[in-house]
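Two complexes, one shared chain (subunit A), two partners (subunit B, subunit C).
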Partner chain A sequence: MNDHFKIYEHSRQRNVLDVRNLSVAFTGRKTKKTVLSDVSFSIRPGETVALVGESGSGKSVTALSLLRLIERSGGVISGATYFTDNDGQTVDILAQDEKELRAIRGNKISMIFQEPMTSLNPVLSVGFQITEAILAHRDVSAEEAKREAIDLLHKVEIPDPERRFGDYPQQFSGGMRQRVMIAMALACKPSLLIADEPTTALDVTTQARILDIIQRLKEEMNMAVLFITHDLGIVSEIADRVMVMYCGSIIEKADTRNLFNAPSHPYTSGLILSMPAVGSARGKGVPLPAIPGTVPAVWQGARGCTFSPRCSYAIERCRHETPLLQRRNPHSFVEVACHRAAEIRSMLGSLLPWVEAGELGITA
Partner chain B sequence: MPALIETNGITKTYASRGGLFDLLKQKKYLHALYKVSLSIEKGEVLGLVGESGSGKSTFGQCLMGLTETDDGTIRVDGGDVTHATADQVRDMRRRFQIIYQDPFASLSPRMNIRDIICEPLDIHRVGTQKERTARAAELIEIVGLRAEHLLRFPHEFSGGQRQRISIARALALNPEFILADEAVSALDVSLQAQIINLLVEMQRQFSLTMLFITHDLSVVEYLCDRVAVLYMGRVVEVGRTKDLCSNPAHPYSQVLLSAIPNIDPRRKKKRLFMRGERFSPYELPETGCVFAKRCPQGRPECAAITPKERVLPESVDHRVSCHFA
Partner chain C sequence: MAGYIGSKVVKALITLWLIFTVAFLAARISGDAMDFIMPEGMNEEAREAMTSYLGLDKSWLEQYWLYVRNVFHGDLGTSFHFRQPVIDLYTQRFIPTLTLCGLAMLLSMAISIPLGVIAALKKNRPAGFLIQSAAFLGYAVPNFVLAILLILVFSFHLGWLPSSGSDTMMHYIMPVTALACTLIASLTRFSRSALLDVLSQDYIRTARAKGVGNFSVLTVHGLRNAMITIVTVLGLQVAALVSGSVVIENVFSWPGIGELLVFAAIKRDYPLLQTGVILVGTIVIFINFIVDVVYVLIDPRIQPGS
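== the complex of A and B ==
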């Protein structure tokens, strides 16, 4: 564990992405709604970092801000986002002009969206669209691009790729469209893939294959992945590190092992416990321990922990003093934003059915 | 318990709708459903699982009378509704309700919540306007929202809240049967848990019979009494949820179960993958097991002889279609 982080410290300057104090606000005529506040994180080449949280917590806004796509819907971004490409060139994405951005988007940084139709054009055949994606950024012949496109469709398990090449997005099932979009995103072998719930609509066997494909291509191309999901099962299988987001802030950062064996934040623990798991149900009708309520649309209170209204561990202090994201202890690389983290940690751990009493030994 | 719904060998065939060049070729056919026989008892929740394209929605659509079958029969309360008359269809539309996957697409954006919930009552002319409004107010609280929400519009609600609204709407006519087609699949974990708990509660409270369609086997244990596994339009295994989930007999069910990412490190299993690549449903062999080509345990005889469904010895109606299970 410590070695892992030593390497991390050592290679800090080579991070493919360094995000510093990223904030996003939507401003109306009189109102200002801050949906992302002071988000900082980094991703190393070849690393898979998961961003998890409930619907509305700000995961997609984070993803869209990294490529400044959020500006199109009126989002105002502040902070800095340093991107270092495979040649070692570092740029602050927030300081780039539109032309420079276009050279990065879909080429060096690729994104797969939650909803496939946002990146597929309904009036063009899928084959044409993938071929175009290849031709736009790479110097290959049209035939070569077509061959690659068919190969990509094959890789994402579209049956009969040659035959389906000329089909339009509507002629594919929802699951297949998602796969077409993934093929398109991988066309230019990006150094960072931002995947926003790419497998949420897929069935489990396809999901397993897609995750496998992403993992394999990731290793082949030394591609880093920012994987956005609300499925902690996926996180436990593919992520090296995890960031838990709530209401526009990161409330816990940990390596995957620590997160699932010794969660530090009550929200993280709540998310883990509400996961249905095969073999864990105590029979039909025994309710799942769901976190009550929902993510507030905008955090109204100026102060206090955003999770406190739903938190069963909240005390008076939580309601008026905002907890900062900080290391769990000076020797730890786990960061958590909770006043009571030290106090309740062993209790949170003991709620997990797979953590034996006295086995909370993971401290790094 | 008598069956509320019973299908006997229903088959649904679609013709290929390829591009222009396909017009020159021979037309191909696929069986979205092939000889599917399943029954759902009164008050029972049957889970229907399988990969995308396996025919789950088609089966649901057939039960609801929204799609014509090509062969086989569908019985409701023992009466044949396979070729339902307009009256029968109308009756079924009242007694059978659907909750869809996408709470964003299935609620009309221009209607307020009161009108959305009351729409089935309006269509079937149940009660006066005042009674309908009262019913909407009652339903909205049953699903965990508040009466003041009735005058708002769908866009003002989160995904989970919209799914609660869809459930309220589905309950409006006091249905006997609810088809939940991927009703929790689009929701995030904590909402999924909330909605599963709500569905369980509603099912108990109103003694609902349900067909719960999902591609995620991990949720069926919380909700379903029995589960049927579909592959390429065929039922390959059906049994009590517990039996099927703890002892899947068909190799495809085993693959499905092993593909679910499980956060419980004690239950992390070796992942089983299917052999080869997905093939087109138009290219199914005429004989043999439909899963043979992709089966991790496939043997030569699997491709030659079509397996018959049989009940596993010493089981409670745990049926499987595999020579070697």
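== the complex of A and C ==
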């Protein structure tokens, strides 16, 4: 066993999640569409990592693959996903059988979804749906499970939980349903919570409350969170680290502060610059800078940078050679997949003055 | 709940009144009862005497009024042909028809829901394809054709089952099967598509993400929701089932309403026909009422009375 591997093994011990070269493809009779290619990342215990990107970039596919929920829709997963629970036990999720997976889902890794309106079963009471999560994993009596479920409803700040226990999802508002989803997800105190755009379908006030609840419970339960969103404003508020996804690949990884102050990838800076800020002079009368074009549904080209067709900095090399995700420089933890990252960064300079002046819709 | 049942009863009575009115008119428009009651070549005087004896010399409106009034006094009339109160003729026959239809319904559900589940789970596999094809075939075969085929095979050639009557359990097998066939076929197809639809819903993904086992996902989360569609379809098919029973009863000489109803229609026995139609209507409404109650039980979004 060489030293490099030992170090890797060591670092792996400390991470809740270690995703190595995760790829997902959907195969038809003749076609094979790769929607996720060689995604690698890790999450440390108690950390909030944001996965950002436009619709169709592969964020949700990543989330669903982590719990192996994508296979039923025909997705083929490859790579490795090492998961270490709070007791220090490590398993490769991709090597687990159905029974072992069930023991992880909702127990050690939980997930909340984007649509609280459709993610709860309309014919079952919310109380039943929460106790079901408890009873699926733990050997407790029905009364004990009910007591815990009411306690959970209390924790997610649902008023009068005893009375609302027997109510059905349609008797709750969107925000309240998302709280129920959170209560359900946290029923077994998971080591990792995957939140797939949990606030996207909610109005802004409700959004803030839900984020507060997730943040508070995350700290209470010492849980890591993979937060998937396309809202950079939310990222700047809650995430420790950010991963930017484009067309099925991670193109930049950085700690939140670094990412917003000094984005390395032209796509990331494009995303940040296109954000309006409340009360900012920027964007008044003049259109906000937008990234031209749209995300391709599935990357067709065999080689080259997936962003190159939309990139104003693209050179010949970008169209022929796929840039790999690598450290910006040997001393930095920022990783970026761009041939011209260094040049572009010196051209753009830091966005810090903009951020500090409140010109961007994010907080420094 | 009392108000809910009350409004259902009122609606049922209005429906029955409409059904009766249509039957009353249809029977009279389609032919004169006297042509069937009087033998060929009877003299005019006897015919007229008979006509006035049966009250058929009065105008339709008068007959209608008299009949409705009598019904409210509990008198459903006397059969022209049997010279007996029709109510007595039907009392014996109501239960066999209800049994036949009820058993056919239960059999359909017992067979088609599991088949639909298998077809949904084995989508794009040989088993699923086989069930789909069989259901299609079952749907395409008219039930009287199937009834005759069954008699040919199991009574005529093999001699295993009796071809007519309703005396033993053995007598039930063929009529119930023949009557249920179409419903089994259509319910199988609907169960399959309802379950496939439900299994693609977000809340099924949520249940799986919770770590709920496959069987629970299928039954507690999947079937419970699919049943809403299945029960709706069942409610719509009940009328077809009961009208199908009229044909089946005649093929198997089943001593039910249907057998007598066909006789009444052929002989233009107005009171017998009118009462039969009302009874068939009552059965359809009654089964639909049960369906509605089941509906409220499985879907909490439906509030009785609202």
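Simple rule for what comes next: the second predicted complex is superposed on the first by the 312 of 364 C-alpha atoms of A that agree within 3 Å, B and C clash if a C-alpha of one lies under 4 Å from a C-alpha of the other, contacts with A are read in each partner's own complex, and residues count from 1 in each chain.
In the analysis below, contacts are C-beta pairs under 8 Å (C-beta built on N, C-alpha and C of every residue); 3 or more make two chains touch, one makes a residue touch a chain.
Please read these numbers as outputs of a predicted model, since none were measured by experiment.
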item	value
Combined model on subunit A: subunit C and subunit B, fit or clash	fit
Touching partner for A:Pro289 - first (subunit B), second (subunit C), both, neither	first
Which superposed partner A:Ser264 touches (first subunit B, second subunit C, both, neither)	neither
Partner chain(s) touched by A:His137 [first = subunit B, second = subunit C, both, neither]	second
First, second, both or neither for A:Thr306, with subunit B first and subunit C second	neither
Partner contacting more residues of subunit A (subunit B vs subunit C)	B
Partner chain(s) touched by A:Asn15 [first = subunit B, second = subunit C, both, neither]	neither
Subunit B versus subunit C as contact partner of A:Gln170, first or second or both or neither	second
Touched partner set for A:His154, first subunit B, second subunit C, both or neither	first
Subunit B versus subunit C - smallest C-alpha distance in the overlay, whole Å	9
Partner subunit A, residues of subunit C touching it in the complex	201-203, 205-214, 216, 220-221, 224-225, 228, 298-301
Contacting residues of subunit B [partner subunit A, same complex]	17-19, 21-22, 45, 50-53, 158-161, 185-194, 196-197, 200, 204, 215-219, 221-225, 241-242, 245-246, 255-257, 259-267, 271, 273-274, 277-283
Touching residues (chain side subunit A, partner subunit C) in the complex	67, 69, 72, 98, 102-107, 110-111, 113, 115, 118-125, 132-133, 136-137, 168, 170, 181, 184
Subunit A - residues contacting subunit B, complex	54-56, 154, 157-160, 163, 166-167, 171, 173-176, 200-209, 230-237, 260-261, 270-272, 274-281, 283-292, 294-295, 297, 353-354
